[in-house]
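So that you can tell them apart, the chains are marked A, B and C in the order they are listed, and the count of residues begins at 1 in each.
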């Protein structure tokens, strides 16, 4: 219900920032952002207003978060597969 | 179903089709006309004459990469070309709003002269009317075009067969996004330009490369999605596309992301989609890539058996979704 | 597990790396494999549905995992009288600035699109800031038809606080999400075992706001982003919480959502707006579900500045088909479009009755166009 798109801040002048989205640049209003932004920062933009400064390390963290999630899911299921192997010999006719 | 004509009735999507099927076809078209292609191909003493007409009401009338004049010439040439015809002559009728600055008119007519000269297709007749201020938006241009069809195959939207491949001559959605940026008070730095171009020499090269091109469509209003849905409906087939293979400029993709638009629905003015027999597809692709307007041509999908005549897209991440015909006009979304 | 290649720079922000998507798909499949009866989870966000539809995510989900679209898009929940108010003002000769999403939503008599076709001055805008610019370039009255959830209401508040010209006013149809999750969770027939919370609304409100909800209803909540990996990652965690019977809130969108949320935005929001109870189209009465301008800002409130005589204007309105529209039950996940008498007859994408047929991501629109959820080439 809220199309939010991340972009990279190119320039900041007063309450407006020029933000780059895949090569298209657009002025974005800063009245609603949670922290001051500087060129190079990533921001989340909704209806032309920045509503979040995305700390760069958060981007890395999300990727690492997914890796951990995948590994956990993998181990979980490894464990499940091991258990099922133990069970199958008894159940086999 | 609607009491009045809506903007959406001109969008190239479903509303427009309903208007054609409910109003124009029963009243104007002879009952036996089954398929509506980009041009009518008529038999005149053994000659196959292609005959088309088009109206241009773009707002703003000047935009990066072109203007309403260049658009009118190229658009008409392309309707003839994708019907397999060698374009011969054009006409242009102008509806001018009282108060239109004379040098704006001269700029537009001069760019028509240039476009016609570059394409080698002269404008041979025309008409001019002027309406009260406010009764038209600066200038509207209506064109007609005639050409001779020499291609032995029949190019029509009902000729696609399962197994055929879908070819596209380059990156999509540039024109629609360019015009929308210029009009919607959305200030973007403008690296995006309209792709308006005459495609007749590209088409000629394609037709020489294969006698089994089933049909070609000019993917203008309603975008690639409408063109392909029309083919799927008329040929009673399904079409599977591969998103990875559909070229799109990064800036155009960025604009679509921000505005919440689907690039497959955005208008193009220099793009055609062709359905080609599988055995000839590589040869046609090579012919396209050898042409300046086909540098980034690609095989983007295939025709399949599907009783529901759906156009499906295999998305970049491996999922599947239906590509529907655009309903009304395209509007930026926030949700 | 073999090391997945790290995503290309352009994919870095996008979280759309196909390899990881397939890895998540396999993980979800195995997680749901030994779960006999179906797992139903709900999201309350049009943008979640838009991402799911656009990337074809549903075709990647295990058959027994049902992701239901709840009352989440401002188009679907903006009630009829609110659209009528906008159309009424448009017909008094005022300039109406509206988001594209609301342009074709049917009012009792007509939509803003039909009003425009009959001569009204309706402008489609992309940002509330543009509505302000329009007002600055004319001396006619400009009314911004303000729709959307708290995420969008924050931008409206910023525009109001920036000192708009006298001819600018706001017709607020903004909504507030947390109360409606309560309503849907309390609906007896709801078979929802978990919620995906909307990441961008939570960017404003913070995720702590859902803790009370989880305690009260015992349904786990995962706050999710909108890229394919965000959604699939959130679903993996939600299914795990359901399997283990854990009742808690998990924030799967840490790059945008914090426990407390965007304090600055909250200050703007609650300075200008207050919650008010009201009807959400097709759902019912949602206590504190609407956001309306505080008395202090009556000077910019279109409902105060202009007399909107709806009842008189609607006197000879045709019988309202919308009484028979069951979008509410569909949004609450307790009915499908096939249960609706109007579906595919009086109610089609070209002649939408309920807002779920108007919104390109509305449940009815998707079922009409695709005959239910198309999940793959051989479906």
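The working rule: a residue touches a chain if its C-beta (ideal position, glycine included) is under 8 Å from a C-beta of that chain, and two chains touch if they have at least 3 such contacts.
Please read all numbers here as calculations on a predicted model, not as lab measurements.
Novice: Starting from the Cα centroid of subunit B, hunt down the chain whose centroid lies farthest away.
Specialist: A
Novice: Report the chain closest to the protein's overall CA mean, measuring from each chain's own CA mean.
Specialist: The chain sitting closest to the overall C-alpha centre is C.
Novice: Starting from the mean Cα coordinates of subunit A and subunit B, work out the distance between those two points in Å.
Specialist: 38
Novice: Hey, how far is the Cα centre of subunit B from the one of subunit C, in Å?
Specialist: It comes to 34 Å between the two C-alpha centres.
Novice: Would you kindly tell me how far, in whole Å, the mean C-alpha position of subunit C lies from that of subunit A?
Specialist: 21
Novice: If a residue has to touch 2 or more other chains to count, which residues of subunit A qualify?
Specialist: Within subunit A, residues 1-3, 22, 46-47 contact more than one other chain.
Novice: At least two partner chains per residue is the criterion; list those residues in subunit B.
Specialist: Subunit B, residues with two or more chain partners: 186, 250, 260, 333-335.
Novice: Using the touch definition from the top, which residues of subunit C touch two or more other chains?
Specialist: 10, 46-47, 50, 73-74, 99, 126, 130, 148, 152 - these are the residues of subunit C that touch more than one other chain.
Novice: Would you tell me which residues of subunit C are touching subunit A in their complex?
Specialist: Going by the criterion above, the answer is residues 1, 4, 6-7, 10, 12-13, 15, 20, 23-24, 27, 30-31, 34, 44-47, 50, 72-74, 99, 126-130, 148-149, 151-152, 154-155, 158, 161-162, 177, 198-201, 203-204, 226, 229, 233, 236-237, 252, 254-256, 262-265, 268.
Novice: Tell me, which parts of subunit B touch subunit C in their complex?
Specialist: Per the stated touch rule, the residues are 1-8, 14-15, 18, 184-186, 240, 250, 259-260, 262, 304, 308, 310, 312-322, 324, 327-328, 331-335.
Novice: Give the list of subunit B residues in touch with subunit A in this complex.
Specialist: Interface residues on subunit B, with respect to subunit A: 186-189, 191-192, 250-251, 253-255, 257-258, 260, 333-335.
Novice: Using the touch definition up top, name the residues of subunit C that touch subunit B in the complex.
Specialist: The touching residues are 10, 16-18, 21-22, 25, 46-47, 50, 53-60, 73-75, 99-101, 103-104, 113-114, 116-118, 124-126, 130, 133, 148, 152, 228, 348-351, 359-361, 369-371, 374-377.
Novice: Report the residues of subunit A in contact with subunit B in the complex, numbered from low to high.
Specialist: 1-3, 5, 21-27, 45-47
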